[in-house]
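In structure tokens below, several structures.
Two complexes, one shared chain (chain A), two partners (chain B, chain C).
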Partner chain A sequence: MSMSFFIHLFSAHKRFTELLTKDEKDLPNNRVPMERILTLPELKSNPFRKRICNVFSTSEYKDGGLTFEDFLDLLSAFSDSATLEIKSHYAFRIFDFDDDGTLDCGDLEKLVNCLTGETDDTRLTPEEMRQLINNILEESDIDKDGTVNLSEFQHVISRSPDFVSSFKIVL
Partner chain B sequence: MAYSVNISQTDSDSESDFEDMGGSKPGQGTFRFIRESAASTQWCPESLQMDDFRGCTGANREELPFTASGHMRDETLDTGQRKSLQRHHWSAATLKVLSSMPSRTAGINAVIPKYARDSSQQPQTSSHDSSHHSKPIQADFVQEEMEEISAEEKQLVSNLRGLSVSEAMRKLRATPLSLADKMRVRRLAFRDVDESSFISRNIACYRRLGVYISRTWSHCLFSCLSVLTSLQLWHSPMKILSGRFGTGVLSYFLFLRTLLLFNLFLFTINGLFLVFPQAVNPPPHDPHSNNFTGLELLTGTGYLSQSVMFYGFYTNTTLTTCRAANSNATNTADLPICDPHQPHIVPYSIPAAYLFTIAIAFFIICIILVYSMSKSFGRSFQVLKSNRNLAGNIFCIWDFKISKNTSVRLQSEKISTQLKELMSELTSGEDAKSYTQRLCRLMVHVLAWVICLISIVLSAMAVHYLSEACITQSPFKDTELVLPAVVSAINLLLPGLFNLCTWVENYDSPSVCVYVSIFRNLMLKVSIIGVLCFRWLGRIAVEPVNHGLQCWENCVGQELYRLLLMDFVFTVLYTFLGEFLWRLFFKQVLKRNRKPVFDIARNVLELIYGQTLTWLGVLFAPLLPAVQILKLFVLFYMKKSSLLLNCQASRQPWRASQMTTLFVSLLFFPSYLGAAVSVTYTIWTIKPSTECGPFRNLTTMFHSGKLWVQQLESSNTLLFWLSQAYDFLVENPLFLFLVNGVFLIVIYVHSQVVDGQRRIVSRLQKQIENEGKDKKFLITNLQALYERSSLVSPNR
Partner chain C sequence: MPRKKDTDDINIEMDADESESDDGGNNKRTNNRRQGAGRGGARGRGRGKKPTSEDEDEEDEDEAPRGRRGANKKKPVKKRGGRNAKDDDDSEDEAPKKGRKGAANKKKGGKAQDSDDDDSDAGKGKKGKRGGKKGGKDEEDSKGKKGDAKGKDKGKDKDNDKKKKKKKDDSSDSDSNTNSEEEESMSEGEMARLMEEVEEKKKLIATIRNKPWRMKRRLVHLKEAQEFVDKFEGALGKGKGRKWYAYKVMMKKKWIKFSRDFENFRTACIPWERKIKEVESHFGSSVASYFIFLRWMYGMNLVLFGFTFGLVVIPEVLMGLPYGSIPRKTVPRADQDTAQDYSVLMDFQGYCKYSIMFYGYYNNQRTIGLLKFRLPLSYLMVGIGTFGYSLMVVISTMAKNADVGGGDGDEGEFTFAWKMFTSWDYLIGNSETADNKYASITTSFKESIVDEQENQKDENIHLRRFLRVLANLMILCSLGGSGYLIYFVVKRSQEFANRDDLSWYEKNELELIMSLLGLVCPPLFETIAELEDYHPRIALKWQLGRIFALFLGNLYTFLFALFDEVNTKLEEEGAIRNASLWAMKEYYANYTLFLNNSNLTPPPMPPADVIRGPCWETAVGIEFVKLTVSDIQVSYLTILIGDFARAVIVRFLNYCWCWDLEAGFPSYGEFDISGNVLGLVFNQGMIWMGAFYAPGLVGINVLRLLSSMYYQCWAVMATNVPHERVFKASKSNNFYMGLLLLILFLSLLPVVFTIMTLPPSFDCGPFSGKPYMFDVIMETIDLDLPAFLGTLFSYAANPGLIIPAVLLMVLAIYYLNSARDEEKNRRNNTDSTNQVMKDLEDLLPKGSLMAPPEPEKPPEPESRLTKTKPGSAGKGVNLQKDVALASPNPNARGPVNRSPGPRGAGPGQGPGRGQGPGPGRGQGPGRGQGPGGPGRGRGRGPPPR
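Our next item is the complex of A and B:
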């Protein structure tokens, strides 16, 4: 195991325990609720923060709470050493807002709205949105079923060399 | 695996789907239709469709899904079919089937519903070709636990069992599972590691050794790479910068760090093999240049010219601690005679060390640059290159590193503007510009190019005449700093002019704008360095006596030193004046809150320029990389503070990885290759000065290498044969011709392979499209069957 691995593990543990309250620190394997995870500066302003928490959470109640293991999963998926396959897999799950295994029109619309922001003048008009989604589906939907599944998504991502560098969070 | 789906269940959800159907019954007609449509491909069931379904569905023609051979209606039905796969028409059972399709559940183990598994499933043969055969799963308790996990995990476990432990761990780390799942898989896969190591004893000894060697080698390589890539220098400042400005600005600082590492490598090698041996045995010191003033740090003359910094310090001696018994050379007369029983250092020839250190350092840098260039080029090369990659851009456009709130908002605005422009371009198409408008734009472009080219030529001529004037005025005492100052001023001001020209020209696409300004800047720097090289190698080196120089290499080294330092001084001035005062001016005088934008391309070209000077100067001033290291260090902190205080993030999108590829290529092609060619030219053809340096009294610097090899040959027969082989092979044109021919054949074969792959990919895409059509057909038929059967059954 390399030195840098231990450095990263140690800093991850430090940041995670900062989120726990005093009496929670003694409990083993506790789950930090999503609101506290979202106070981390790296996630605070990210428009995908809730989706990220939901994707990496393994809680039965689907409330987005993360244990330390889930937190490590999150950091490793967003780290430098994660392969393109891992990053594209998790990116797909993050963009799949309704968790049905494909990106359909509703998912794509929510994605574009997250990208363009909250304010009214940055949002796209419905016509622009419709045309954008049609163009995206035309380019990436190979089997023409109206949705983008994981393989098609990974195929599109493999053509964009910028993905690995932009899908990165550094602690 | 068999999915058991209960089509005939009816629940409350499904009934709501039928409310718009009007409740009439197609009945037997449907089943006959399906049978017949499956049988015949010629029959077009349009009319039957209309009568059957218009009555019951009340839907319009477009929504009818059934065509077995829909080749007549394909186009009209495509959009209809796409719409018909949308959610709101389907019942719960169909939705359940759709959501558990393999294409939608690929890899998502937690979400896979646990359908009944085929318990007689054989263990898969492992993908790794090894001497282990995959063991059938014997133990019952293993079988039990395996049945609790999903089929994908089971396959993963059986794949992992066939691999060695370290490879299996690497593969497991690369699979997208949660940590708990990975731990479970690992426990299952390596449960019987002891038994597999028992089997390995039966492998032949030589194979085991080979396996062991390859394993340790790959482990070493892997850990070395991970150490190198995790260099933690400047980790937190870069994180702050990327959090605020994004990946584009970060790429500048990463480039800076890469250059720092290159210079560190050069400095280490020079220091170990050149500077240290000579510094320990200094030549006799010239007493009259002992007074040290501060200005000499800037000009490199005086005390520094006699120091280890420059070429003149180095001698053409061979360093020994003892002399041979039969030698009666005067310079080693005072050394003790070598005692063969006592250890003594090998005679260290400084000229040979100088030549070979520089040559080997350049060679290693060449290999590193070509490797990184080919790697980043390979990353951005695609087999099927489409014109527009809109979908890829949308998915990759969000920079997750940005954490500051204002920067996030800025990024959203940037993306929104980009998308809106793209959409308006698509809807309106290319603006049909009138003839006069196009002519106008062409005139503006031509004018801008003419202005830029004239300014480049003028500045090159100015540098040339200034250098000629400096040469004719000898000794060049007072005018030493004028030439470097003029060169740095030109480098500072002219790129601003080029940026103004591109702003006036108003290019359509921002990336073309960036490329044009990079090209113009590059032309300027190449022409200036070309003029200076001509001055050094074509004038000063060739007739040093005419210019009153005893040691022309020292002079050239000092000039490069001065250029490097002046460049640094002017960069500091520009950062202070250009960014800080600009911001104050805007704020106080114009009362606007617009901050200047950090020009990434221009700053990267400045870095490349500085590195070119370093590479040019390493032959004449072996410690020049140390100066560059200090300069880069200070530059990092200065640029970082200036960015955080004065600048704002750019509104233009910046394609980081393409730009990084471009910059590494620029670092290799004009910068490194130009320096390597000049250094090679100097070593091969130019006569070194007769009174200083390690190559005095030789015809060329390369000659010293030949002499050294000849010396060694006489004492070592292996080297004799090596040099004979070298003379025969490398200097024989037939051998080089053959090697080039082989390379060309390899390149041709690779390009044919890429062509073939392109064709295969397009054929596969067609096939996937057809499969998609099949899928749609089956799903819609399934849904219709279900609807019919649930309509029929309540009536019974």
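Our next item is the complex of A and C:
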């Protein structure tokens, strides 16, 4: 690994330890709870912040807490050098709200709600929502089982011109 | 069997390392060392944290639980034929090793097993065989090589341990002896295999970041692979070659490191990234694309500026004659009174005209200064090089863009899905921007829903078509009309040129008409384009194309007017030249007559009084500079008045006005993308055309672009509102580049024409006194290069050679083109069509398998359970989690395994893994947690389909 890698590593580590409290710093293998991770400005206004934490967390209690390694996982998936393959894999898991391995109607609906924000005036009406989800399934659900699975998802994503450039978080 | 032991060591070590993952790596190591030293063996290794268990291990040693490992062991033993002497020694070792191994296995449960599984079987055998041999080599290698710092340390560690061990076991043999013996015993086949494996590991190292694994798992694999490579790579060279090989490898690594650093540095050097990002987050990528284009232009112009100033302007300033020394560098006597007036200077007359900025100032001395710098040659080369460089850059950028924008082809196929999955920009870190983004995403959702509904309604396509044809017809009419108008006005102005009783209007008629057309036509086109009802992105392109055509008319009328001027100047110059020659002759005749001195001295006239020609090159240069400067003024004033003043008025007058100004009529301005892009493109055309006659123009342009970046960024953020329909610019802004290329070509023509056909002025500029400008090159060939090169060039210029060369080039282009098409076809076939077909093949029949859904559900909690099992350390858990997350739904599973991506290559994904899409495949006992190895039972379901 090159120097620049270590430099990034250091900055990541610095950012990470800033999130730790005093006494936590001494403990090995410390896990930063999700609430504190979410205070990072890079994640603060991301509608998927909780999902991101959950996906990258290895915590046993499913609380979305991240260890430093999990944090590195997160950064590397969102880094410039990650390939489309990796990015789409993690994007899929982020969008898969119920962790069942497919994007079904419920996941898509939650996804749309995340994208349109919390306020009421930007929400879609149920009718629009239904139409939208139908259209998405029509486009990307190749096997017509009513859900979008990982390979279908990657098929769609790989043709998008700007997924790789927008699926990025830089510390 | 020390070989086997070594493998195990690695594995065990990995495990131990994992269990304490990030902290205390060092601790452990020192710990190890201490223990190793104290007990004279490697036994404690890899179990640093569990010193108590060590003792047991040692006791265990001889009752080696061979059973478990037996199968694996046999292979290496067999393979090792022909080295019996060593075997005997080893067999003593064997037992302890196995014992340790067994114990470790017991303790670590599935984990050790697990990482064993990761190695390919062949690899295991080899490794086992090789392991012990490497003692001495290892040391050497690990010294020489830069691996992962950790990995390296560990490697050394191991070596130490191993050495000690050896000493203990067979003290009769010295280390070096054993080693050399072993080296020789390495056969060709082994070598090849080893090489193969090293390559494999290297590949793994290179691609490890492409695998969606957990960091821990990646680290483990990386470490393993790196250790392996470090260890065996050095063994590949033979004898003395080995050191050289190690050195080469090291240098290669250093080079990779350096190039990566350099790449990072380069990306860090890209300016205005934040500014553009900010604009983008407010106005969408279409507006940002203009700024990105502006930045690109700035970069290119900076290079042109470097060329022009470094090779032409600076040498002339430093080494050329100073101002006032010769006529071409002096303001003529008649103009000297007004030469410093503001109005004169603003017209680029007076001192400006006789300055370094323009062509006329440069002297025709063949070499200048101590360095014998060939300024005229350099001038011509820079003039041509400017075009060459620009062409190269534009075309290569276009090619790159075309490559990147591969996804653009099937636009519309996945509109909704893309909007859904890719519209969020994860870089947004500002809540206000995020709100904007929410709003724009919502709008785009709603819009596309409405579009879709409209599409489904199947509206009247004939009407739409008719309207589009009508619109195009109208626009063609207006373009033709404006063309004719310009033609008419130019004709008239040529008539006017001979009269001098002109009114103000008649004098400025041409400029006025042009500005009026430029002002009226674009909005007219926009209005007409409403009829067409295209998507805004497509509409933007049409609009750009149409305005481009209009501007082109402008440009070429300007050029024709200029050529007329040049022709009259040339005639005038001919007359002056004859007159001055005649005067000179008279003078010399008189001079020799009276003084009877053949020593010709030039007439003692101050340089300001010398009769001089009009110098058409400088005149052309001045025209271009004037045009550029007025363009800058106009565009800056437009922003100031059209946007800023408007915004101020709307904002503050709104308090006391009878209707809502912000929402109603004037409102705030939108950023005019098409106008700005075209302005930039045409400005660049002016620079390209003018740079040859006014080297200073490039500097002006660089300043303009720089200031424009800040000014426009500020203006757009402060005074403009986002477009009503925020749309994404297609990422490959090749359309802009195409316009630029066209303009580049169009501006290349007149410059090359003048260089090749018009005679340069006789008394100004670097080429004065030569019949043609390009004679400078001939002169250089004749005077500076050896004679045979001159003849070579004259042969090369022969049409008999040029025509075949051109033919060859055409053929090459044809060949490359068809080769690329072929390649593209193949790629498309493999990755799009085939992918889809494969997906379909995989998915459709499985619809029938979907029937029994029961077996899918229960295993899931089970897998979770394993995950939450406390105390079970790193790898096993991780692996399981990955597995659980990747394949919770067997129905979705099939195609993923088929896909060619690197994901399929994970450890624990044995050959049996991808095969069984049937229910119950990855579950049942196979999922199991016991030391039997998770991930092992994966292939066990019913056979696929």
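By our rule, the second predicted complex is superposed on the first by the 171 of 171 C-alpha atoms of A that agree within 3 Å, B and C clash if a C-alpha of one lies under 4 Å from a C-alpha of the other, contacts with A are read in each partner's own complex, and residues count from 1 in each chain.
Everything that follows uses one rule, which is that a contact is a pair of C-beta atoms (placed from the backbone, for glycine too) under 8 Å apart; a residue touches a chain by one contact, two chains touch by 3 or more.
This one's a predicted model, so the numbers in the text were calculated from it and none came from an experiment.
Colleague: With the two complexes superposed on chain A, say which partner A:T21 touches: chain B (first), chain C (second), both, or neither.
Modeller: Neither partner.
Colleague: Answer with first, second, both or neither: which of chain B and chain C does A:E60 touch in the superposed model?
Modeller: second
Colleague: Regarding the shared-chain residue A:G146, is it in contact with chain B (first), chain C (second), both, or neither?
Modeller: First partner only, chain B.
Colleague: Starting from the residues of chain A touching chain B, keep only those that also touch chain C in the other complex, and list them.
Modeller: 2-4, 41-42, 44-48, 58, 69-70, 72-73, 77-78, 81, 83, 85-86, 89-91, 93, 95, 99-102, 111-112, 115-117, 122-124, 128, 131-132, 135-136, 139-140, 142-143, 145, 147, 149-151, 153, 156-163, 165-170
Colleague: Would you mind writing out the residues of chain B in touch with chain A in their complex?
Modeller: Within the complex, chain B contacts chain A at residues 78, 81-83, 85-87, 99, 101, 103-108, 110-111, 174-176, 178-180, 223, 226-227, 229-230, 232, 235, 239, 242-243, 247, 379-380, 382, 386, 388-405, 408-409, 412-413, 415-416, 419-420, 423, 426-427, 655-658, 765, 768-769, 771-773, 775-776.
Colleague: For a test of understanding, state which residues of chain C touch chain A in their complex under the given definition.
Modeller: Residues of chain C touching chain A: 20-24, 148, 209-212, 214-216, 256-257, 260-261, 264, 285, 404-408, 410, 413-418, 420-431, 433-435, 438-439, 441-442, 445-446, 448-449, 452-453, 728, 730-732, 832, 835-836, 839-840, 843-844, 846-847, 850, 867-868, 870, 877-878, 881, 885-889, 891-892, 895-896, 898-899, 901-903.
Colleague: Of all residues in chain A, which touch chain C in the complex?
Modeller: Checking each residue of chain A against chain C gives 1-4, 28-29, 41-42, 44-48, 58, 60-61, 67-70, 72-73, 76-78, 81-83, 85-86, 89-91, 93, 95, 99-102, 108, 111-112, 115-117, 119, 122-124, 128, 131-132, 135-136, 138-140, 142-143, 145, 147, 149-163, 165-170.
Colleague: Which part of chain A faces chain B closely enough to touch in the complex?
Modeller: 2-5, 7, 41-48, 56, 58, 69-70, 72-73, 77-78, 80-81, 83, 85-86, 89-91, 93, 95, 99-102, 104-105, 111-112, 114-118, 122-124, 128, 131-132, 135-136, 139-140, 142-151, 153, 156-163, 165-170
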